[in-house]
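Look at the two complexes coming up: chain A is in both, with chain B in one and chain C in the other.
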Partner chain A sequence: MKEITLERNLFLFVLLVLLAGALYLNNPRFLSGINLSNVLIHNTPLALIAFGMTFVILTGGIDLSVGSILGLSACAVGMALEAGWSVTSSFLAGLGVGMLCGSFNGLLITAGRMPPILVTLGAMMLFRGLAFGFTGGEDMSGFPAEASLLGNSRFLGLPWHFWMGLAVFALCVVLRHTVWGRSVYAMGGNETAARLAGMAVDRDKFLVYLLIGWLSALAALLYTSRVGSVRANEGEWLELQAITCVVLGGASIFGGRGTLWGTALGVALLAVLQNGMNLLGVVQEWQTVATGLLLIAVIAINERVSWSAVTKRLGLRWGRRPDVLESRER
Partner chain B sequence: MTESAAAPNRFSLTARRELGIVLALLCLLGAMIVAHFTRGGSAEQLREQFVTLANQLSHLSIAAIGETLVILIGGIDISVGVNLTIAATVSGKVALWAEASGLGGPAGLLLVFGSAIGCGLLFGCVNGFFTGFLRLPGIVVTLGTLSIGRGLLIIWTGGKWVTDLPDWLQAPANPGSALGGVLPIPFLLALAVAVVFGLYLLYAPSGRRLYAVGGNRRAAELAGVHVAWQTFQAYALCGALVGLAAAVCTMRLSSIDANLGTGFELVVIASTVIGGTNIFGGAGGVVGAVAGAAFLVALQKSIFAFGIHSTWEKAFTGGAILVAVALDVWTSRRFRRS
Partner chain C sequence: MKRFGHVLILAAVAFTLACSPETDTETAGGDGPEATSGEERVTVAMLPKLKGIPYFNLCEEGARRAAAEENVDLIWDAPLEVNTSKQVQLIDDWLVRGMDVLALASNDPQAIAPSIARAKAQGVPVLTWDTDSPGTERDYFINQVDGRVLGRMMMDIMADELGGEGQFAIITGGLEAENLNFWMKYIKLQHTEQYPEMELVGVWHCDSNRQKAFDVATNLLQSHPDLDGIIGNDSAAFSGACDAVEKMGLQDRVEVTGLSMPSEIRPFVKSGVVDKFLLWDPRMLGYLTVKVAANLARGVEPEPGQLIEGYGEVRFDPEDADALIMAPPTVYTATNIDDFDY
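Moving on to the complex of A and B:
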């Protein structure tokens, strides 16, 4: 299992390095500090949500409502700021709204026993509709200067986005070494077995949806703070982008298989691809096409190419036991 | 699983599965009629409203029937919105070309419908190839084709609208030409599609095999069903039906823009599911899909009828989907994966 993940991630990493190398040779500006920090700032909200989505997909679920949670949280922050709340309490209110949305999904899925795809499909429209209803569909801007500090200032020479992303990425330790993290894998592999083994499947699953609600709200804060304005349709298509990143990162859409490392590579690949095409002057729409092609190609390779066979042929070894590995390859 | 095995009970089961949404639809329509008259509306206005409703329902229910086929085999197609936009744009351009080369009337209509269905079928075949023969998960494949299709469409049209659609195309969908004043032609078309695919699912061997594959893929394979081919067929048919829905859109609308199908896939999936089709496959049917679509369209209309501001429309649709799914799950507990 571990070795397979390593091989998949290695494949993605090689792809990323090749892409970055080609871009650098074509346009040395690609590796300049300004460009890299732009790429980072633009993609951190997506990365946060993709990390949360990894947890959700690992449990065998899916969350289509993340973009709408982002929109609703951003609107909550905007409305609180316009109502004269302090920046701190507005941001806390935004986080609170995100966590409420996450627990709403989590409760319906665990206590209500409803399928995640349907709950989050309904919630996607509900939350987006609430954002439109409460704001009346109008833009909000002109926030106090302190509100843009988070999104536009640096700490130790690096933007706050980087530190936030890093802090959330530290969840990979949680995923790997805590009871909760192992339970996430276990219920994605076989939920009944996890339940019979005495794991608190419902509680752990609820926490996963709470986590992604919180991360979506955090992404909303970073985004709102950087841009300085709020619209009700913010974060549209974000759920599809996040799922794309997770699947690019080698996670199984059926749950039980995947890593945060993989997702981070997936986000990086998507970000570099888009940035590279921007630098080359390729129009936005060709980027959308390329993303779709990349997604289908990577899933076809991940699902239909046996990595152990490939590495055996290439003579690469990771000190693994082939018999165990073959049985894991589907 | 048990549903598809109990073939002799197919009628009573169909009735029971879809009873909830049909009752909900009737209640909603009743409430709308009462609200209409208490606000002092006339019977003539009511008839006009129902013709609009039937017209709006037509393309949604055709697409929902297509999605039902895919969900029945345990897949999902989230690319229907893009497919609809592409097919509508193609058929719109074909209509303009037919007008320019003097092919009006029936020949022109045939060209428009043929091009839309062909275009949708092609898109569906691409989805079907990857999901059926390469056995890739439907949600990921259609997510990919969604991106590719959306990008290619905008590159092709440059985001421009298709406008000035000819009169011979619009005439059949005109509320004035509705049969008996209440049944517009697009709606009759949707009814015909519902009857054909209802019979297909109930009686045709390949229709029954869709239930078998969705109920238990492995068992179906062992029983000699060519699962890859059935999957391909379901996605291809779904694509073709979405193409037909696109032709109906082209007929009904005066212009086609690149955002025609944005969010359409969600409404289509919602119609299918609140109509009682099991999201994990193996159970469901055409009646539920049509009733679910009618419920969602009526709900959108009712928001205006009850005097609620339109900015709340999306919230109501989302809330209604959640309530419908929750009632369904809690009353039947049939979403449990066995």
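Moving on to the complex of A and C:
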């Protein structure tokens, strides 16, 4: 299992390097500090949500409401700031709203025994509607200067986005190796078996949705602080982008299989692709098309290629007994 | 199966590599002096509020025409929905890509200010068009219409059609829209200054929603049987009011005018609901913006009275020394409406 994941990730990595190389040859400024930090800043919110989405998808679930949670949290922050709250309490309020939204989903899915796709589909509209309802669809901006510190300043020469993304990634890697993390994999593989094995499936699943709610709110803080403007439609389509990254990263949409490293590579691939297309002058409509094609192509490759056979033929053999591993995979 | 996988990998690699030569010509355009008109080729990046709506499509049409005339590489792109952070991202990426002038229509002046500042820091002149971003470092604003003239003209048309007396009402898009309120202020000023015999029965709003405007206008016509005219202050308000008058069969009794695209109002002109209405030409807005941008890229600042080929004389806003104002809006009537293909 591990070896196959490694090979998949290597394939993504090679694709990323090829893409980056082509972009560099075309415009050397692609690798300039300013561009790399742009890519980082613009995609960290997506990365945070994609890390959370990895856990959700590992459990065999899905969360379609993350973009709306981001929008609602951002509006909460904006409204709190406009009401004269301090920056710290406004940010905490935003995080609180995100965790409330996550708990709402988690409760309906676990205690309510409702399918995640339906719960979060409803929640997607519910939270987005609330965001529009509370703000009347108007832009909010003109926040105090301290509110933009997080999104616009650096620590040790790198934007806060980088440190935040790194911290969340590290946290997720740690979580994945806890009892909770193993439970997430187990319930995605076979929920009944996990229950029979005495795992607290409901509690652990609830925590997954709480985690992604919190991460969506964290992403909202980065957005709000960076742009200094809030609108109820913030984060639209982000849920689909996050799912794209997770699946690009080799996770099974049916649960039980996937890694955070893969997701990180998926985010990087999508981020570089979008930045590259902006640099190349590919307009938004075709960017959407290209992103869709990339996803389908990568999945087609992942599903059809026998990685063990490819590496064997290339003489790269790090997978022990590839044939056995592959048959287990199927 | 395996072979299929290999083909896909090759295709992916080929796609990646294929991206490079195709765009070499496009991005290098900024410095390549292979000019056709003898002038250096320049790159202008133009950012509308969003893509895919008829209004901005027309702006793009005009912008492309000017770009072809002025030897300009035009980058025209925007998010597919109203979204400030995506606008910011696009500007950041364009600044890496390189451009000579940035022309943008922002959804949020305050939020776009840092992006404008970053462009200026890189030595890129910044124009705003369609919607200004006041209080930023932008160089010039290309204003599509003088709101004072527009408001007064709407009132003049209404008064002319009613013979200077009678009752009229205003339906506006939204009560908080700054530009609509500015135009309405001048409708009312012209009313009190020039047509004291006429009576304004009230102002209603429709959230820029045509269906709602229809409901509002229907109620209005039922509750005010003596009403002689309706001014629709935005395209939804105007066309909704036209719908209502037509459905109630009042076209011979009630006059309707306002602002909208000819394509939207043409049927009502044909059916006799509307005699005259107004709008600026969105294509001219795109055209003028690119012309001014091309000049700026070549070091020519706009100034009052400057002659721009294909447009005419540059005029400035008397109250804002950095704002250009486009020529007075076009008046559309039954006789000229078929001359416009938008």
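Annotations for the structure displayed:
Keep in mind that, in the parts below, the second predicted complex is superposed on the first by the 324 of 330 C-alpha atoms of A that agree within 3 Å, B and C clash if a C-alpha of one lies under 4 Å from a C-alpha of the other, contacts with A are read in each partner's own complex, and residues count from 1 in each chain.
Definition applied: a contact is a pair of C-beta atoms (placed from the backbone, for glycine too) under 8 Å apart; a residue touches a chain by one contact, two chains touch by 3 or more.
Keep in mind that what you see is a predicted model, and the values were worked out from it rather than measured.
Using the contact criterion defined above for the overlaid structures, shared-chain residue A:N190 touches neither chain B nor chain C, since it reaches no partner. When the two complexes are overlaid on their common chain A, residue A:N275 makes contact with chain C while staying clear of chain B. In the overlay built on the shared chain, the residue A:L25 is in contact with chain C alone; chain B does not reach it. Legend: residue contacts after superposition of the two complexes on their common chain; A:L295 is shown touching chain B, with no touch to chain C. Residue contacts after overlaying the shared chain place A:S103 against neither chain B nor chain C. Legend: residue contacts after superposition of the two complexes on their common chain; A:S141 is shown touching chain C, with no touch to chain B.
Contact with chain B, but none with chain C, is seen for A:L130 once the two complexes are overlaid on the shared chain. Residues 283, 285, 288, 300, 304 of chain A are contacted both by chain B in one complex and by chain C in the other.
Of all residues in chain C, those touching chain A in their complex are 1-2, 4-5, 8-9, 11-13, 16-17, 19-20, 23-24, 26-27, 51-52, 75-85, 88-90, 92-98, 107-108, 110-111, 114, 176.
Here chain A touches chain B in the complex through residues 62, 108, 112-115, 117-119, 121-130, 132-133, 136-137, 240, 243-244, 247, 253-254, 283, 285-293, 295-296, 299-300, 303-304, going by the rule given at the top.
Residues 15, 18-19, 22-23, 25-27, 29-30, 32, 34-35, 38, 42, 138-139, 141-142, 152, 223, 226-229, 231, 233-234, 236, 275-276, 278-281, 283-285, 288, 297-298, 300-301, 304-306, 309-310 of chain A are the ones touching chain C in the complex.
Within the complex formed with chain A, the chain B residues making contact are 76, 130, 134-137, 139-141, 143-152, 154-155, 266, 269-270, 273, 279-280, 309, 311-319, 321-322, 325-326, 329-330, 333, 335-336.
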